[in-house]
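Both of the next two complexes hold chain A, though its partner changes from chain B to chain C.
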Partner chain A sequence: MPYLKCRNALCIACLLLAACQRQHRDIRPSPTRLAIYGDAAKEDALRPGGRVNSQPVVNNPYNASAYDISEGQRLYNWYNCSGCHFNGGGGIGPPLIKKHWIYGGEPANLFDTIVKGRPNGMPAWGGRIPEYQVWQIVAYVRSMNGEQPRSATAARLDTIQTNPQTIVNRTTGPTK
Partner chain B sequence: MKRTFVAGLLSTLLLWPLGAQIQNQPDDGQWPMAAKNYASTRYSTLGQINTSNVASLKLAWTFSTGLTHGHEAAPLIVNNTMYIVTPFPNYLYALDLTKPGAPMRWVYQPDPEPSSQGVACCDTVNRGGAYWNGKIIYNTLDVQTVAVDANTGKEIWRTKLGDINLGESITMAPVVAKGVVLVGNSGGEFGVRGWLAGLDAESGKIKWRAYATGPDKDVLIDANFKPFYSKDRGTDLGVKTWPGETWKIGGAAAWSWISYDPTLDLFYYGTSNPGPWNPEQRPGDNKWSSTLFARRPETGEAIWAYQISPHDMHDYDAVNENILLDLTINGQPRKVLAHPDRNGYLYIIDRATGEVISAQTFGYVNTSEGVDVKTGLIKWNPTKQTGYNTVRDACPAPPGVKDWTPSAFSPKTGLIYIPHNNLCYESQATQANYISGTPFVGMTVRMYAGPGGNRGVFSAWDPVQAKTVWSVNELFPVWSGALATAGDVVFYGTMDGWFKAVDARNGRELWKFKTGSGIIGQPATYKGPDGKQYVAVLSGVGGWSGAIVSGGLNAVDGTGALGFVNAMSDLGKYTTKGGMLYVFSLP
Partner chain C sequence: MKRAPTVTRFLAAAAQLVLTGCIYNKQSAVNPAGPQAGRIDTLWWSFFWLLGVIFIIVMILTLLTLRRPRRDFDQQRIETTHKASEETDSRLRRIITGATILTIVILFVLIVASSVVGKQNSEFSTAPNQLTVQVTGNQWWWQIEYLNSDPSQVLVTANEIHVPVGRPVQIRGLSNDVIHSFWVPNLNGKRDLIPSRVTTQWIQADHAGEFRGQCAEFCGLQHAHMAVWVIAEPEDKFLAWYKAQLQPAAKPSTPEQQRGQQVFLNYECVYCHAIQGTPASGQNGPDLTHFGSRRGIAANTLPNTTGNLAGWILDPQSVKPGNHMATVPVSSTDLHPLVEYLESLK
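After this line comes the complex of A and B, so read on.
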């Protein structure tokens, strides 16, 4: 079960209901505390001598609320993530809707990718985006991949929708 | 025969007799700059390979670059050496043409900053170098120009010209005129302030820098500046045609081709789209974005300018090539430049004055309804104006009827051979937030095929009659350069990997060869040390149109790669990535 911050009775009560995920709202975001998880790029699966994975599991404190995900989506556009990754398909940066992550797709990996940047052109956002907003963006990026509860995930993007009524045929184009 | 003195004159840039037409450039069988010559004709007088024997053209040798991003460069061939500039990390390979199989002589690695890959709008491409006085001069993605000893591969100088943290990069091939290296920045999608700089070719020292926005003194506009049209006259238009201080992040980058007329002593180039794409954030003409400039190479001073697309709303950069031609039009001899623009018009412009002689569409256009040659104004179609409202079926799409893909001109046929697109789009603007070093666009886009369903066209244009003579439809946008030859054979490549030879007079396919990856490079031809004619091209899909394959993008999001993904979702079924040089000759 995803980690949820519950500070009041209403929240505890709604923990029992899936709809809770749409209601939860963190009213006291944590102060900026960046890059606290060490270098949380994905660990290599090759472990000499058969050691086990030593990477700590870090859950997103903003993991399950519709509010955080929709805030994450707004911030994803506001900080121009969309300028390089578009609506997840990628462009200048790699796609964010995918199975195979270069630096890992776990919340801690994504957090560190955003805060520290990555060497081939992913900007380092540490000090520029407050920590709680980074987590909200992480939640949104995970939601693009269906890694968040459906009930908390926005049904549509905020951008232009394909309109089947007026859109021209993809192969023949518009008529002159 | 008059000879003009050119500092650091080199054997390959021969001079032509006064009075000769500029398109009849001297040709010693080499390929010293991306566009072949200053007139940018991409025409070779070599005719060994011709319409009757090209069918037997065979692969001579190949060379792998070991890289998987888009290969847009033209190979250079000078003194029996071939030089290849690669996409990031911008290696320079020198191949020895005197030995069988052209083994590598050396490789120069400039070691550009890897983070610069994040500010390359449209794949980490490079369009090639220029040979000058014993040096290969080219640009790196992280905004540096380097000069390398053409013989030894040792670096002679390097000059840092800009800052990736301002969203700047360089992808263009420089041109050297009168000992001055002409270089411009990229970053029209990153809110840069566009510029073109002149560097001393021997030392790399910056002699001047001409911004495309801002006060006249920064744009190098002074008393000698005489635009042909009144719409382009006035003081400090690079400030006054923008709201507030937005000109400081207004784009207008000079990221593409440069031509030079030594007789008029003017060089020509265009500037990019204004930033952001969202036009609602920048009411006004947004000078000098989407503009053609004529300048002096030694001082950079502007002699004339013509804003092709004032207040651009569709990403119609004016950066496409300018082919310099001396033509007889309506009975009058005219010194012109031919400029096939993104906005869909092929402009024939008096290159001494900037007067538009003709401007006719060379593809399907509905975003505008003509160009008035009296006023120089384009008539935008108000129903296709982009903004916060959704606009659908606007043609051409942002890459235009034609993007950077350079055309060729044959003095034998008098035709311009144009690789181009047939794309339309839908869009909706969003508020763009300027954060330096990140994109500044504010437009969600989806592109798709234009009328007919073919996404690409290769066509032949008559610049005197101002009309298409023949055209060949292609499945994908034609994103390679064109090459014309005295054998009346014209070459180009397709994004699904075919390298094609067609008859210059009618477009009939004469030969084709399937390369390992899609072709977006610029073909070149040369005379080898054995006296044979060779044709060379880089294969290696990518670029803006091919980013879906080179960048491994996810087609579920049609807005990817500035909306190009929507039009290219099937490219991965036709080709895979990988850079390889192919060289062909007759058996």
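After this line comes the complex of A and C, so read on.
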């Protein structure tokens, strides 16, 4: 019996400790990560971000962090990524749920693509979106492709449905 | 430690109570400022007195039974046979039946009273001079929009609602993220703001004053720092305020302010904030067109002062941890003009 009790206690301790690990909320970005805008990946001048010579030099600090992936999901809509890429399926811009990336699909490549922009329409967001938020968006875009742990991936947004805000029942205003 | 004399301590405690009373009169359900809150106030005090009297009667009876053994019950018989006499039995039955009926009647009266008040408070006003204000809950601030059939009269602001005295105001509630609840205790009860639903509430201020409201449904990390002020003013003062708020933002008048405007437009600010009359048209954060005229920043977490504003811009996460304002590395030479410009937007 003491053996059983001991084992139960150990199991519970393991579960509790595992829970401690899952969500670390780094809500206050470290100042060094605020504005670097250097190259996250070394690129070939002829094939920017191409798979041949693309060597990531920086890792995403927010990899596998549930909080930062959900923040990335919010920012994806706030900064209107969804305006061109829609909810990952693509439309005006290319889809983001895919295997073959034109400019590389590693986190560092995605970072460079967002910060520097790419030909045929992708704007350069460097100096427009704080660097830590770019990394959060990168983490979210990677999660669309299942490249983040399932336990950290955010649920699909509720907003993919009609919104009654467009049906405004306007009544008499203050000047009447 | 030497203790202060009793009289001093008593006076200090009394002063504290009085001061607390002053502050919380502005956010208090027992200080009603309109017909809706007045009904809730009456309901609350009738509950309080009725149930308070019943509580005291019950407590007195309980204490009496502890003190005095019931001599008219034949105790011995009950103890030996576990059966009361015929007379005791019928007496107990009468008392218990009477008490149950009385309880049911009282509870029924209370239920009817509270649902009558609820019905009266949610009645739509048919007054021709009513006003419609759309309140949208966000994590963690309130977007305020005065609706109007004339688009040039639609006014967007944040965290502050001005209402004219004596006019019924419809609060049209929406939410952009999670469930919030709009609650200005001096004017009406709570009403939840639910994503993808429209909820309505009516308020009316019978006298001028300032009333503080607060989100009343837990909505995340900064739920406690999500306050709104309702400012009731006489009709002419309200219309003057409304006209001023409809204007585009004031043009920067000094070189410092002009530089501040350039800083605002070149930094990340424009992706979330709008200032009417400039290219800034972000919709994710509060509209800053007349930011300088508002009394608080960060949903009234701090008073709107130069120092607070500078601290808030530089490190929002230290003021309101977890909030959605981006931490932007503003250089020290840019910060002062930026703050100067924002404060000039009266």
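Just so it is clear, the second predicted complex is superposed on the first by the 108 of 176 C-alpha atoms of A that agree within 3 Å, B and C clash if a C-alpha of one lies under 4 Å from a C-alpha of the other, contacts with A are read in each partner's own complex, and residues count from 1 in each chain.
Here is the rule we use: a contact is a pair of C-beta atoms (placed from the backbone, for glycine too) under 8 Å apart; a residue touches a chain by one contact, two chains touch by 3 or more.
Keep in mind that what you see is a predicted model, and the values were worked out from it rather than measured.
K.L.:
Chain A residues in contact: does chain B have more, or chain C?
P.N.:
Partner touching more chain A residues in the overlay: B.
K.L.:
If you stack the two complexes on chain A, which partner ends up touching A:83: first (chain B), second (chain C), both, or neither?
P.N.:
Once the two structures are laid over each other on A, A:83 reaches chain B alone.
K.L.:
So in the superposed three-chain picture, is A:93 touching just chain B, just chain C, both, or none of them (first/second/both/neither)?
P.N.:
first
K.L.:
Pick one for A:132: touches chain B only (first), chain C only (second), both, or neither.
P.N.:
second
K.L.:
Between chain B (first) and chain C (second), which, if any, makes contact with A:74: first, second, both or neither?
P.N.:
After superposition on chain A, A:74 lies in contact with chain C alone.
K.L.:
Now for A:122: first (chain B), second (chain C), both, or neither, which partner does it touch?
P.N.:
It touches chain B, and chain C stays clear.
K.L.:
For chain A, which residues lie in the overlap of the chain B contacts and the chain C contacts?
P.N.:
On chain A, the residues that contact chain B in one structure and chain C in the other are 78-79, 163, 168-176.
K.L.:
So in the complex, the part of chain A that touches chain C is made up of which residues?
P.N.:
Interface residues on chain A, with respect to chain C: 25, 27-29, 31, 34-35, 74, 78-79, 128-130, 132-133, 158, 161, 163-165, 168-176.
K.L.:
Under the touch definition given earlier, write down the residues of chain C that touch chain A in their complex.
P.N.:
That would be residues 128-132, 146-150, 153-154, 164, 170, 172, 174, 195-198, 238-239, 242, 268, 271-272, 284, 315, 317-318, 321-322, 324, 326-329 of chain C.
K.L.:
Chain A touches which residues of chain B in the complex?
P.N.:
Where chain B meets chain A, its residues are 114-121, 189, 364, 390, 392-393, 395, 422, 424, 426-428, 430, 433, 435, 437-441, 444, 446, 448-453, 547, 551-562, 565.
K.L.:
Quick check: in the complex, which residue numbers of chain A touch chain B?
P.N.:
The touching residues are 77-80, 83-84, 86-95, 97-98, 117, 119-123, 159-160, 162-163, 166-176.
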